[in-house]
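What follows is chain A paired twice: with chain B in the first complex and chain C in the second.
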Partner chain A sequence: MLRSIAAPVLVLGTFGLAAEVCQGACQPHEVFVPAGVYTPFFKSGTETRPVPVDPICLSATTVTHEEFLGFVRDHPEWQKSRIKRLFAEDSYLGDWQDDLTPPPEMISQPATFVSWFAAGAYCEAQGGRLPTVAEWERFAGGREPANNPGAAPFAFAMGQAAPELANTGLTLPGVWEWTANFNSTLISGRIGTTEGADSSQFCGDGIRAVDPSNYGAFLRYSFRSSLRANFALKNLGFRCVRDVP
Partner chain B sequence: MKHFAWLAVASLFFAAPAHAANPDVSASLATTRASSSHEEIRGEERAVVTSAPNVPPPLTRRHATKVLLDVEVKEHTKVLADGVNYTYWTFGDDAPGQFIRVREGDLVQTRLSNHPDNSVAHNIDFHAATGPGGGGEASFVAPGHSATFTWRAMRAGLYLYHCVAAPAGMHLANGMYGLILVEPKQGMPKVDKEFFIVQGEFYTSGAYGEPGEQQFDMSKAVREQPEYVVFNGRVGALMGENALRLAAGESVRLYLGNAGPALMSSFHIVGEIFDDVYGEGGTKVNQHNVQTTVVPVGGAAMVDLEMDVPGTYQFVDHSMFRAFNKGAMGAMQVEGSSRPEIFSGRQAEGIFNPGTRLQRVAAATASTDHGKSIYDRICTTCHQPDGRGMPGVFPPLAHSDYLMNDTERAIRVLMEGLQGPITVNGQTFNGAMPNFSLKDEEIAAVLSYVRSNFGNSGTPVTVAEVQRVRGATVRTASDRR
Partner chain C sequence: MNRLKAVALPFLAAVVLTTDVTSEPSERSVYQLDSSWVEDNGQAFKLAALEGHMQLLALIYTTCEGSCPITVKSMQMFSRSMPADIKGRIRFLLVTVDPEQDTLEVLREYRREMKLDRRWKLLRGSDEDVRELAAVLGFNYEQIESGQFAHSNLVTVLDRRGEIVHQQNDFASDVKPVIEVIRRQQP
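Coming up: the complex of A and B.
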């Protein structure tokens, strides 16, 4: 495993070489993302502490209705009429006509109305897992240009690909995507409680953010922190990653 | 401006303190605050709400109740200005959201619903609520979900509500705000009409007025440089057909809010004076006779006034570039009979021509038919080409006793100008003629001309005569130079 805490700059510097060498470890529908560092959007205390991120094979696209149909055929317990209520709210696969009929016009569009449990089960069935927030933000959380001309608020919030992932066949999200630890970021644990109100997940976040003028990142973290694992939303899909063997 | 009236009455009874007649509803604030937290709740009812600029009627309830308030968040494209679209985030259909009217002591059960089509998480923070985040955390909700929480309206006053989900400034700048009035138990003093106005800013990618779909511009927002500063959510929301309509003599209360998120508002009605100002939206009238009141960002104010004189009254954020260049303007249209004892309107028009540099140069270069050319250039505007003047306004020179009977006086009028009543051919005129700074030879020429035209047959006036008069009035002349 190409792990580099001590010399992340060196790894990024040799990125081109690493990409050629390691893309072979990933499947055709995946993009190799080399090891690197991720700087969390929120400081830990007063510190900005970059964390190392392992290399991964990242699905190039968001999982589609068609792909999800294959999954529920093979795993009927995740069909909309059979799923355990604990694992998804009523809106689960809400745009499907029945257990095996996704909306025909959307067949190659991202599958949404999928809960975190179902998304995780899908990835596991493919030998993968959901990306962590760090992994997801590395590939899709790029800093948007200052004036983001033409970007609708939603696209604006999605950020953009890291420059080193240009020309890799990676398709950026057109919807929100689940992350494995969506609710473990600093702002999410207090939803529905009054605990920690003094540090204020809302206004106070500006003080704790690494870059308080990065409104796209605020929207992403805010959205993720509003989620619960059984939620199935119209604008929320997912993609999988695999650890590099 | 009704206070002038009652002050006059009050002064007849020497002991009457100036504030005795004020609608100060805070007199028992200390006691009501304590009792508001555990006043008995009787029954329940749906919240009384209205869309801008209308305000729900005063509450008639004499008890506290449970108020059921449903608020839905929408993200949708709306018109910001002619030809300019913007993706608003709103409570209900519009920015500002609906005006909510509850009574002090009420329990407000609030359900916030985030439409499934929406892209981001939202919440609601009531400045009128007492508790963490004003409900921000309790109501934080993903698209396709709703959240319910209950809070008690313990303190009377006018309050802003808004979304405070991160990044809060962007949610405010996209339109997520409104006003809630917590009526004091004893109610608000009665007025004839009530409206509400909320000031807000928009940070568009394009410059003010640039047509098409405009997007939120983060860097302009962080620099606090909005392209738009508007009343009630868009340019012209309160102009023209949408002006606030009133009858002369009516009293009106304006509930003012400022969502910002950056700029303090200096709210001013051109041509009116606020009789009473409930500063910062509190329950106390803390000033009378106010020309401009501040509405802080994230705050409010209430103003009461009486519309005395009919006409159009524009209101502005008196930071005037916002009014002229960014949209911060609205209007009140007041119908009724004129009130000349208060305001006359335009009574007369006149020419103001103290003599400009250009004219003096022109006069100096005039050569042929000197007197006529001076008359045609300077005098005809008022005295008319035929010298007959205008009845009641400009005295005639034709057959003029005033002109012909006293040459020296005529010279002095040309030298110094003339102001105040004069009688010409038995008719009184009360106007003004400026001093045109004519040279002595010009005065002689033009006087000679008018004294021998328009049916007049007088002798010419010589330069020497003019110089003699000039000598007699040398102090005036040197002052002038």
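Coming up: the complex of A and C.
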């Protein structure tokens, strides 16, 4: 059933003229991303199955330390000394000096060392949610330019704005980002296996990839599949989206 | 950290029995998830209600053609052939990752078909709540073509407070680790 819907949309799949009209539905700090189609990186069985994606209002930037400070002030249960271990591992807000002191020199930098639970709770408190993998890949999964000597190594894997969203203010600061369904990809499908076994699975997945030359997507998908919901990592931040009102 | 544990353990062993009932839910307990579930019999259900018994937990869906039938069958075989000293110390919990197809009626039919007794609970929840539970367990899944799912093949043992004490793939091939984990827990 999805497929019959997807086919006509696919034809109009690129970001259309409606974009400018609907930007009004979003807030000033947000970018309007019109409805469209996302083609998953991995084939579903032997076929590629484009997925329709609803329009969203997307935060133009990832959440900063300053913004996260506001959140933990209002919601003390997410402060680093109070959070329950199920919801975040020991390294949660590991760069903060105490419950209400983020690193001063990083105040406007992306908040990292944040777990999936904390990121989700932040977005919910703002009336939003975390983007799905499909949504994220659609706005930030642009291919790296073939020759980009200035780019930091691997930064391309942490997100390149879709060409249609250039000049919208969309900022990708070079950190990994949480997604709502980060645990939907099976790169290895196993826990507790040796590195050797994992890398053989990783290679095997190349056969399943829609575009095996998209190295950035490989990195993102394997990174996501290795996460647990309570992980709090130095290079992992987040941004929120809202369904278009 | 390890040294602390070594010191604390003898005390814990003595204290556990007296504090267990009244203590706050453990910091790592999965039962802190406030998600709402429905049992196949239509009863509303919170995970915290599982407290008090160890659980052998698997995420499945009833139309699964791959590994889930093997997982459930091997859990069943395990439930019938548990060594005498651990009999009755663990319950069985199946949570569907496909709430759309696995309605309560379908789950009830599944219970009948698989002959699952009262020690087994079958739970259905919202997509979001299933996603959250899976994220906590480290269980990855994604719907693929024709109603099937690509998914981890993971079985989890929760202790009486809801902490993850053991996880393994390929439960069918070796149940010994699970037996050992159950033995290590307070009866």
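By our rule, the second predicted complex is superposed on the first by the 205 of 245 C-alpha atoms of A that agree within 3 Å, B and C clash if a C-alpha of one lies under 4 Å from a C-alpha of the other, contacts with A are read in each partner's own complex, and residues count from 1 in each chain.
To be clear about the criterion, contacts are C-beta pairs under 8 Å (C-beta built on N, C-alpha and C of every residue); 3 or more make two chains touch, one makes a residue touch a chain.
Computed from a predicted structure; not experimentally measured.
In the overlay built on the shared chain, the residue A:25 is in contact with neither chain B nor chain C. By the touch criterion defined above, A:235 reaches chain B but does not reach chain C. Contacts of A:172 after superposition: neither chain B nor chain C is touched. Shared-chain residue A:181: touches chain C; no touch with chain B. Look at A:225: by the touch rule set out above, it reaches both chain B and chain C. Contacts of A:60 after superposition on the shared chain: neither chain B nor chain C is touched. Contact with chain B, but none with chain C, is seen for A:213 once the two complexes are overlaid on the shared chain.
Looking at the superposition, the partner that touches the larger set of chain A residues, chain B or chain C, turns out to be B.
Looking at the shared chain after the overlay, A:84 reaches chain C, while chain B stays out of its contact range.
Residues 190-192, 225, 228 of chain A touch chain B in one complex and chain C in the other. In the complex of the two chains, the chain A residues touching chain C come out as 44-45, 47, 49, 84-87, 116, 180-186, 189-192, 225, 228-230.
Touching chain A in their complex are the following residues of chain B: 75, 87, 89, 116-121, 123, 125, 131-133, 136-138, 140-145, 164-170, 174, 205, 215-219, 221-222. Chain A meets chain B in the complex at residues 91, 144, 146-154, 156-157, 176, 187, 190-194, 197, 200-203, 205-206, 213, 215-216, 218-219, 221-223, 225-228, 231, 233-235.
For chain C in complex with chain A, the residues that touch the partner chain are 27-30, 32-33, 131-132, 134-136, 138-142, 144-145, 150-154, 167-169.
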